[in-house]
Each structure stands twice: as C-alpha cells, then as structure tokens.
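Structures given as structure tokens follow.
Each of the next two complexes has chain A plus one other chain: chain B in the first, chain C in the second.
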Partner chain A sequence: MKWRNLALLPLFAVIVLVQVLCSATDSIYYLTQLTMSAYYSLLIIGLCVLMGYAGQISMGHAGFFAIGGYLSAALTTRSLVAFQDHTLVRLLHAAGCLSAGQDIYGEPMLVVTPWAACVIAVLTAAVVALLLGIPVLKLKGHYLAMATLGFGIIIYRIVLASSYFGEADGISGVPGFTLLPGLSVNGEFSSRVENYYIAWGVLLLGMLLLRNLINSRAGRALRAIHGSIEAADAVGVDTARFKVYTFVLSAVFAALAGVLLTHYNGGIGPSEAGIMKSVRYVAIVAVGGMANLWGALIMGVVLNFLSLRGLFGSYDDAVFGLILILIMLFAPGGILTLRLGGLWERLRPKAKSGKEGAS
Partner chain B sequence: MTVELFIQYLVAGITYGSIYAIVAIGFNIIYNTTGIINFAQGEFVMLGGMLSITFLHFLPLPLAIAVAVLCTMAIGAAIEILFIRWLHNPGVLRIVMITVGISILIREAALHVWGDNVHSLPYFVGNAVSTIAIFGARVSPQVLCVIGACGLMVLFLIVFFQMTSVGREMRACAANRTAAVLCGIDTRNMVTLSFILSAGIGAVAGAVMSPITYTQYDIGTGLAIKGFTVAILGGLGNSLGAVAAGLLLGVIEAFSVSVVPLAFQDAISIAILLVILFVRPHGLFGSSAAAGLKEF
Partner chain C sequence: MALLRLMQLGKRFGGLQAVNDVGFSLRQGVIKAVIGPNGAGKTTLFNLISGALAPTSGEIRFQGKTIQGLKPYRIAALGIARTFQNIKMFAGMTALENVMVGRHVQSGAGFVASMLRTPRSRREEVAIREKALELLDFLGIADCADIEATSLSFGQQRAVELARALALEPKLLLLDEPAAGLNIYETAEVGRLIARIRDLGVTILLVEHDMSLVMDISEEIVVLSFGEKIAEGLPAEIQNNPEVIKVYLGE
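So, the complex of A and B:
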C-alpha cells in the first residue's frame, strides 16, 4: 500500500469513533441515516470523478442508481415460477443463481439470489452507461446536460409505468443481501452496527479505488481532458475512451450504491429515480468543490445525513436547488476549497521550505 | 385508421406541437443573445398558467392572463438581473447549474404556493364538451385558441425582430456582440430583454394551454426537455425551424399514442432528442459546417 493511502486512516478512525460515541450515548438510531448517507456518498464520489476530473456533467445519475436498485429489488422479489421452463431461467438455475422458497401464502417462489441479482444489476448499468456514453460524451456543455437529463427522465418514466417495477408504489419486501456468511446487508435493528460498518467499508474501498485512479496514469489523462481536450488529444491521450471509461465507472458506483441501499432499506420507490435526486447529487459534488474527492465525500455524508434526518422538512428539494445556485454564483470552487484551500496554500510553503516560509 | 381519426390525431399533434414550438423559441431568444440555455424555460409556462388561475379570482379572464404574463415577464427580468447579469465569463457548466437551480426553486415555490393539485383555467369559448367539426373530426374551440395564440406570437416575434429598432438591436447582439457594443447598443439590456421576452411568450402559452392540458407545479421540466428537443431539431437559434420541428414532434407524439402506451409518450420524445443529439446535433435544417464553429 502506498503512503498516500494512509490518508484514509483518519477517516477510518472517525468512522469507529462515531460508532462508539453513538453506542455509548444510546443514540444508535443516528447510525441508520449514516449508513444510508454512506451509500449515497458512494454514488457521489463516483460522480465527482466524472464531473471534477473528467469534466463531464451528468444530470442523470439517479437513473443508474435506479437501474441498480430496481433490478436487484425486482429480481430478488419477483417469482420466476411462471417462467420455469424458459431457457434463460434454466441456465440461471443450473448456475446456482436461483433460490426456491415460499411466499406468505405458501405458494412456491423462485427468485434470483441477491449476489446474482447484484451482478446482473451492476452489469446492466455498466452496459447502459457504455451504450449511452459512447454517443453522449461526444457532446459538450448544454447538450450533455440535456442528454443525461433526458436519460434520467426515461428511466423514471419506465419504472413509473411498468407494473414489473411496481409503478408508483415501488418494490418492497426486498430480502437481505448476505455478502459473506454472517455478514448481511439488511434493515434489521439488531444488525445496525454491522450494517454501518459494511456501508462505510464499501465507501472506504470506493474511495481507495478512486484516489488511486486519479493519481495514476489514467487520472492524469482525465485531468488533462478537463484542462483542455485539444491539448490532451495532442499529447496522445485517447480522450474519448477515457471519458467513456469514467462514465461507466461512475455508473457502476451509482448502481452498486442503489443495490446496497435497496437491500438495506428493504425496498425502493420511484422518487429514487427522479430528476431531483440527480440534481441533488450534482449539487453535492459542486458544494464539495468538483475536483475534490474529500469534499464530495464530506459534503455527501453531511448533507445527506441532514436531509435524511428531516432537517429541511418540506423544503428539502428547494434547499438543494438553493445550494446549487449559491455555490455556482459565489464559490464555483466549492465550499471546502474556499476556506481550507486558502489555509492550505498559506501553510504549505512553510512546511516545504521550513525556515524561509516562517521568517 | 379512418380519416376522422387521422385528423383528430393531427389536430392534437399540432396543438401540442405549437406549445413545444413556443417553448423552443423561448430557448432560442435567450440562446441567441447570450449563448445560454435557460433550463428554467419550462417554469415560465407553468407560472403563466398558475398566475392566471390565481388572478382569475379577482379579475376577468383576459385581464387575469395579461397581469399573469406581465408578472412572469418581471420574474424573467429578475432572474436575469439577480443571477446572470453580473457574472463575468461564466462557463457553460456554471450557467447550466445555475439555471437548473433556478428552475428547482421556482418549482418548489410553486409547490408551496399552489400545492400539488392539478389546476386549470376555464375554457375561453364554450365549455369542455363544446366542439367544432373539421372534416368530420370533433375539435374543441380551445384547441383553435392555442394554435391561434401560438401563431400570433410567432408573427409578433417576426415583426418585432424584423421591423422594430429594438428587435434589430437584439439581432445585432446575437450576430456579433462586440460589433453591437461598438454601434452603441447596450448588450446587457438586450440580454435582460431576451429573458423578459421569452418569459412573456412562455407565460402566454402556459395560459392558453391550461384549459386543455391543465397546470401542475412540475410540468416545467417535461416541457423544457421537449422544447429543447424541438429547438435542437429545428437547429438551435433558428426560430422558424423551431416552429416546423415543434409541429413535427407534436404530430409524432400524437400518433405514437396509437402504437405505445400513453405513459411512454414522454420517453418517445426524449428518445428522439437523444437520437438527434447523436446523429445531427445541428438540427434537421441547420448546416453542419456552421455547427462546426459552435460549441457542442
């Protein structure tokens, strides 16, 4: 492990500290919202790399979240008994991807196991992102924003209009997701602490992956694209390919977040696919400072936590709209870079040049 | 399909199409003077309808619509003065996010003021069941009001941009901003004016369509997407292209109802948008050479 990954250790310490504090002060209910915030933040750090580092806006990321959440929810709850003789179902059965059981009326049930459903859902999101990304990422500015917004609306309409996805009611009764024996993503009160650590563990892993990505060859290529696409092209960066890869990667993060949060909540509703969610994610990345993974992570957790605690009441969506406007008007670099960035610049020369900086 | 049914679909398509065309022209007016796509364009339509319905409690119908349109124009001006005017060289991304934020604020404000119920104005002529026969198809007089109002607005805009000096100044500003400044045109005021104008025509469209399509706080986004589709189809900035493309999209949408379920109607026009963006981002009537000079 490289030294820069040690920067994640303080985060780990904070995660443990928060859990210990919550357990000690008998306010363990905070962990529920913190777990959900962690999953949303997983999507947000993925979007951060797309927006901040590759410089491509996506107003449709709730669509990928919904693909992940809805597919895994539908596959693990909708019985395949009626299609038992279909070749595809037989193949899945032979591969051990199906589990038989009984529904509440004692009828036989045949559903896809959570692991298989997760893989199918995330792969679907990746394929959709690839198919959408290749043509869409040729566009810039308004066009890209409108195209991704349109994609988000299509997904929203589909889940709202098809009975397979539960129409306006969404899907409920989604079973727990046993990641490893004894380690399960579910909404049971008894496994709250366990789920808190699963969520934050996944988020830490995601953070580790993205931090290493942006400091790698690919990351430098991405930043070159953001700076100037012509210049990046000129020095031999395959700009189109890197943009599409990042788009697919961020879609995978979003879909995975959708899968896990759906299993945690035990269900998903159409509002998760709505435009407002996509705009909210964009707003949070903007507040965090676009090309700032830590900013995105911190703002993702804080704002989602406050929103989930119901602090903004019925003004929830309006608050995120207002945040987006204010940040873009007054601090396009993000809240954190505004304050901490200035402080950091003042501190850094001292640390580097020692006595000179101090004098 | 019988001839009557065909005409019925056609008229429905033209009705919706003319609304889309007006929204698209609203996009074009602002785009031409500023290079900005105003994502809050659909909200002007919603405000036009909602404010008219509110003012109808105190005023007769024509006056209520007039006051509502004036109010929406004032809101359009306020948006430009508060959020756009004082930014120096903002990037496209920044403007997109600001206007998206504005559209959300307007929508949420509307939700708190008018609730999430469906509202509508009364029919201008006759009532919900009165019809006029056109080649055997039954058409509501309100439909003719919508088509007529949209046609009049297009005519008004043509006259305004071609004949009046303010209109010419706006076109100069669109064609070459620096040259316009050198000629003594205050381009900043032209930008404000473009927001006022597109808010105004959006509000008129919102008021006349309200009796047949109803007004709800969240209709703006859908209209904005479709209006944008039409603007792209017709070539961004080309208002006559927008009229043709608007009617085309409206008719396609109307006839698609006979093939796919109603719930997927929106998905169709968005799919058209995506296809057009991929295949011909300069629009059906635009030239690809000119588009090469623009930022896509």
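So, the complex of A and C:
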C-alpha cells in the first residue's frame, strides 16, 4: 500500500522514452501536441474525479478552463497604466504583483506578473465553482447537466462579447510564465523539450494528488456519494459539502490547465470556452471508463493528441460526438474494458469457482 | 434517562398521515422492536429518527437533546447509525472500503490532507483500515474484504451494511428489517448477531416482519397500525393483546 504510487513510474519511463525517441528521430514537433495534450488531460483527470468517482456531471468545464486561461491572458497583457492611481492597482503594485515595461510602440505598460495572474485566475475559478456549485449540485442527473451547460454558455458568451477578452479574436501575445528561475512555460521553439517535461510533470503531480485522494477518507466519502447518497448521509458524510468541494477541486484543475496552456500557446481564443469543448471532455472521461483515472489520463492524451495532429480534420467535433455515441452503446465501462473484455471473461469464472470451492 | 424519546411525533405526506402522534422511549442497552402491518409507518418512523425526513409535528430527543429537523449526517455524528430495508451498498467499492466509509465521523482528514497524504492522515488511514477489518471479522465476513460489495450474496451484503453501521461506533442502531430476504437459518444467525451487538453496549431499535425473530430477541415491542401506536409492552404482553391480534389476523 505504501508503494502504491510506484505505479506512476512506468508512465514516467514512457514520458522520457517518447521524448528521447522524438529527439532522436528528428520529430520533435510531436512534443508540442503532447505538451498541449498533457494540459488538457489535467482538466480531464479532475473532471474524472467529479464525474466518475463523485458521480456529478459537469457540461461546463470548458468554462473553468476559460476562466483560468482568459484571466491569466488578460491580466498579463492588458496594461493597467490608465488605472495606476486606483487603490487596488496600488495594492497589487506594493505587493510586487505588477511588472512595468513597454509595449511594441514604446508606450509604458503595467501588467500583472504571470504568477500573480495565475493565482488570481485559479482563485476566481474556485470561487465561481463554489458559488455555482452550492445551488446547482442540489440537482441530479439531467438537471445538473443542464445547469452546468448553462454556466458554460454564459462564460462562452462573456468572452465572445467582451472587448477586454478580445471578443472573437481572443487574446494573443501572452508572455511566458516563469515558474522557477530557468523554468518557463512558453511556446518558444528552443524550450520545447523543457515545456514537454513541465507539462507532464504537472500532469503527473496532479495524477499523484488525485490518486491519493481517491484512496483516502475524503475520496471514499465522495465515491460513497456516487454509490448511495442516503447511505453516505447515514454514516455521517456531509454529502452537500463533499460534492461542492469536489466540484471546486475539478474547477481548480481545469483553471490551472487553462492558465498553463494559455502561456504555452501564447494566447487563447473563444473556442476554448465553447460548449463542444465541454462535451469533448465529458466524452473523454466516458471513453476512459468514468471511475478510472488511468483511463481518463490515457484517453485524454491519446484523443487530444490525435485531434491536435489534425487526424479528424474538419470533422473534429463530429468525431468526438460519434465516439460518445459508440462508447455509450458498446463500451459503457470505457474503452479499456472493451479490449480487456475477453481476458476478463476467461479469468473471472475461474476465480469465482475457486472461491466457492473453498467455502 | 431514556436514550431516545419520541413525543407526539407526526409526519404527513399531503393527505396521508403516515405517522400520527407516536410517542415512546428507549432505554439504554435494550433491544426494542417496532412491528405492524405493511404501511403502518415503520420505515417512515425510522426516516424521521435518522433525519432522512423531517417530522411535521412532535419532538425527538436523543440523550436529552432535540434532534428532529437536523440533517442526517449530523444525526449520524451524534451516534445514530442505521441500515436500510433494501440494502444500500456503495457500488464500485469493496466490502472493506464500504466499512471504511463508516469510519467517516471517527476520522478527520480533509481533501488537502488526503491529497498530500500527510503523516497524520496516513496514521489515521491505518487505524481506519484496522477497525474496518476488525468489524468484518466480527461479522464473519473477513474473507470478503476485497470483493466488490455489490457482487456479494444478499446475506453478506447485509453483514457489510451492519459492519458499516457499527463502524460509526453508534450509541443507537436502527435496523430496518434485518432479516428480510433471509432463510430461517440466516435469520437465526442475524438474531444472535443482534444480541451480540447489544452486548457491546449498543441500544437497538428494529423494524421487523419476522415474528419469530422479534419475539426471540426484543425486550420491548411497539405496535404501529396506520401510523398510530396501538400497543407497547413486553413480547408476552403483545402476543396476548387483543388489539394487536385483531390488526394482524382480522376480526
């Protein structure tokens, strides 16, 4: 039990192997899509805990991704020079959260530093998730799906309508995010390998935290909510509170993914906030097998990678819709169970008859 | 002092008075049964005590404190555990994990401590697991620990549910038809088990249809009919009560 997290080691080996192979075969461009896939997968494993383990659907997670991405993009690019006498801006300045510079025309610029922007963006997503979650998580099934869908639509229309968020153009020219001295999230060609490892490092860390959660007191409580809300209540689980906490946690994962991917891409556009993105994330969690973090991670990386490589062409969203239909029809337990299906059937009766023989 | 005291308790669902002016009390350390024909309001009464439903009138006192209207998880935290008439397992979790959830109130690791696996949460985790294994052992299903709970037999699931309720270390245990669906041997076994649980110092209130079990193990009996209490007393008294006989057998 102590070494449970050693299961992450083979994944680490694969990550290194892929990088070495890509570098050796001069196909380092694959690392770009793998980096982006890792960030999307960060959102997806968070959503997996909410949907698969706690049993609460969200059709609006692209909204939290967009809150993270858009806020960090806007805060690090929109100059606050015009507001520099405002108390809030002064406070930020005094706290060292602002950096001064010049724009391309030589005009003075005053923007929020990436670290401060990241904290503000993720906290905002958490607060929004809390305020949204308290009322809507009282709903179940279709009703919860519709309420979260409504939230997703609101965020999409806000970023599309607001000039602060760049309307249909989105925000570009987002600077790099220096996590630690010498370790920067940016889209520069020279730091492609570095960024690949940053993204996968963050994803592995996220995976580690969520795996710990699932096999702990809090994780068992939220899985119990999925199993039977009355029985969870009856053993003293504050089901409403645990549902909201899980919702906030998954929103934080989504927002962080949005922040990091936006710095990596150097910008963000309204399609990241779109409903089809939320549907895609739900589809990937379903393909991965719902209550299966590994399935969510693997499918998150594979399907996003294929999509980003343009394999599905203009039919991208159609393919994800089709995947959702096929999975619901033929492999409601996720695609990993489909492949192992035959093997399971052969192993299962043996194990069972062995038990009966013993008793 | 009575551990549990119901006073003029009532619950109305629209035009139906499911529980009407019911009052009785439960002394510490006894096994008390609530019996009555189908639709008498027995399960509703349990849902009122456990907080799953709020009463429309009356009062419930547990250890002298008023508890009606509290959320179920708060009532559980006070030390009232329950089982369900139609077993409610946590699907997708093993028998052991099901019982471990029962330790929720007795432990405290939150989201952050759980994710970071702090030393304190690890120690707590070990204690939770030990206690849960101990309870599975007490109920004779230790070898089912790692099997998914919903794939166990009916009788084993009842035992897991009982272990989960006991994991709470309740002062009062509400058992909703613990012998439903069991054969006579299993029913006798459940009866012995309930007596053993009482011997641990847990007060038990049970709803049951199986008269042999009720007469066998309970020290006191309350009879409900159409939501009203029609009799209360010792098993021998209840068996000879003309009102009760009329309700059960007709005139």
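Everything that follows uses one rule, which is that the second predicted complex is superposed on the first by the 339 of 359 C-alpha atoms of A that agree within 3 Å, B and C clash if a C-alpha of one lies under 4 Å from a C-alpha of the other, contacts with A are read in each partner's own complex, and residues count from 1 in each chain.
Definition applied: contacts are C-beta pairs under 8 Å (C-beta built on N, C-alpha and C of every residue); 3 or more make two chains touch, one makes a residue touch a chain.
Since the model is a prediction, treat every value here as computed from it, not as a measurement.
Engineer: Let me test your reading of the model: by the given contact rule, A:233 touches which partner, first (chain B), second (chain C), both or neither?
Structural biologist: Touch status of A:233: second partner only.
Engineer: With both structures placed on chain A, which of the two partners, chain B or chain C, ends up touching more residues of chain A?
Structural biologist: Greater contact footprint in residues on chain A: B.
Engineer: Between chain B (first) and chain C (second), which, if any, makes contact with A:245: first, second, both or neither?
Structural biologist: second
Engineer: Tell me the contact category for A:216 with respect to chain B and chain C: first, second, both or neither.
Structural biologist: The second partner, chain C, only.
Engineer: Which partner does A:291 reach: the first (chain B), the second (chain C), both, or neither?
Structural biologist: second
Engineer: Under the contact rule defined above, give the chain A residues that sit at the interface with chain B and also at the interface with chain C.
Structural biologist: No residue sits in both footprints.
Engineer: Which residues of chain A touch chain B in the complex?
Structural biologist: That would be residues 57, 59, 135-136, 138-143, 145-147, 149-151, 153-154, 157-158, 160-161, 275-276, 279, 282-283, 286, 314-315, 317-318, 320-325, 328-329, 332 of chain A.
Engineer: Looking at the complex, which residues from chain B come into contact with chain A?
Structural biologist: Against chain A, the touching part of chain B is residues 37, 39, 83, 87, 92-94, 96-98, 100-105, 107-109, 112, 221-222, 225, 228, 232, 261, 263-264, 266-267, 270-271, 273-274, 277-278, 281, 295-296.
Engineer: Which positions of chain C touch chain A when the two form their complex?
Structural biologist: Within the complex, chain C contacts chain A at residues 50-52, 71-73, 76-77, 81-82, 84, 88-93, 97, 100-105, 107-111, 113-117, 121, 124-125, 128, 143, 164-165, 167-168.
Engineer: Considering the complex alone, what residue numbers of chain A touch chain C?
Structural biologist: Spelled out, the residues of chain A in touch with chain C are 209-210, 212-213, 216-221, 223-224, 226-228, 230-239, 245, 249, 291, 359.
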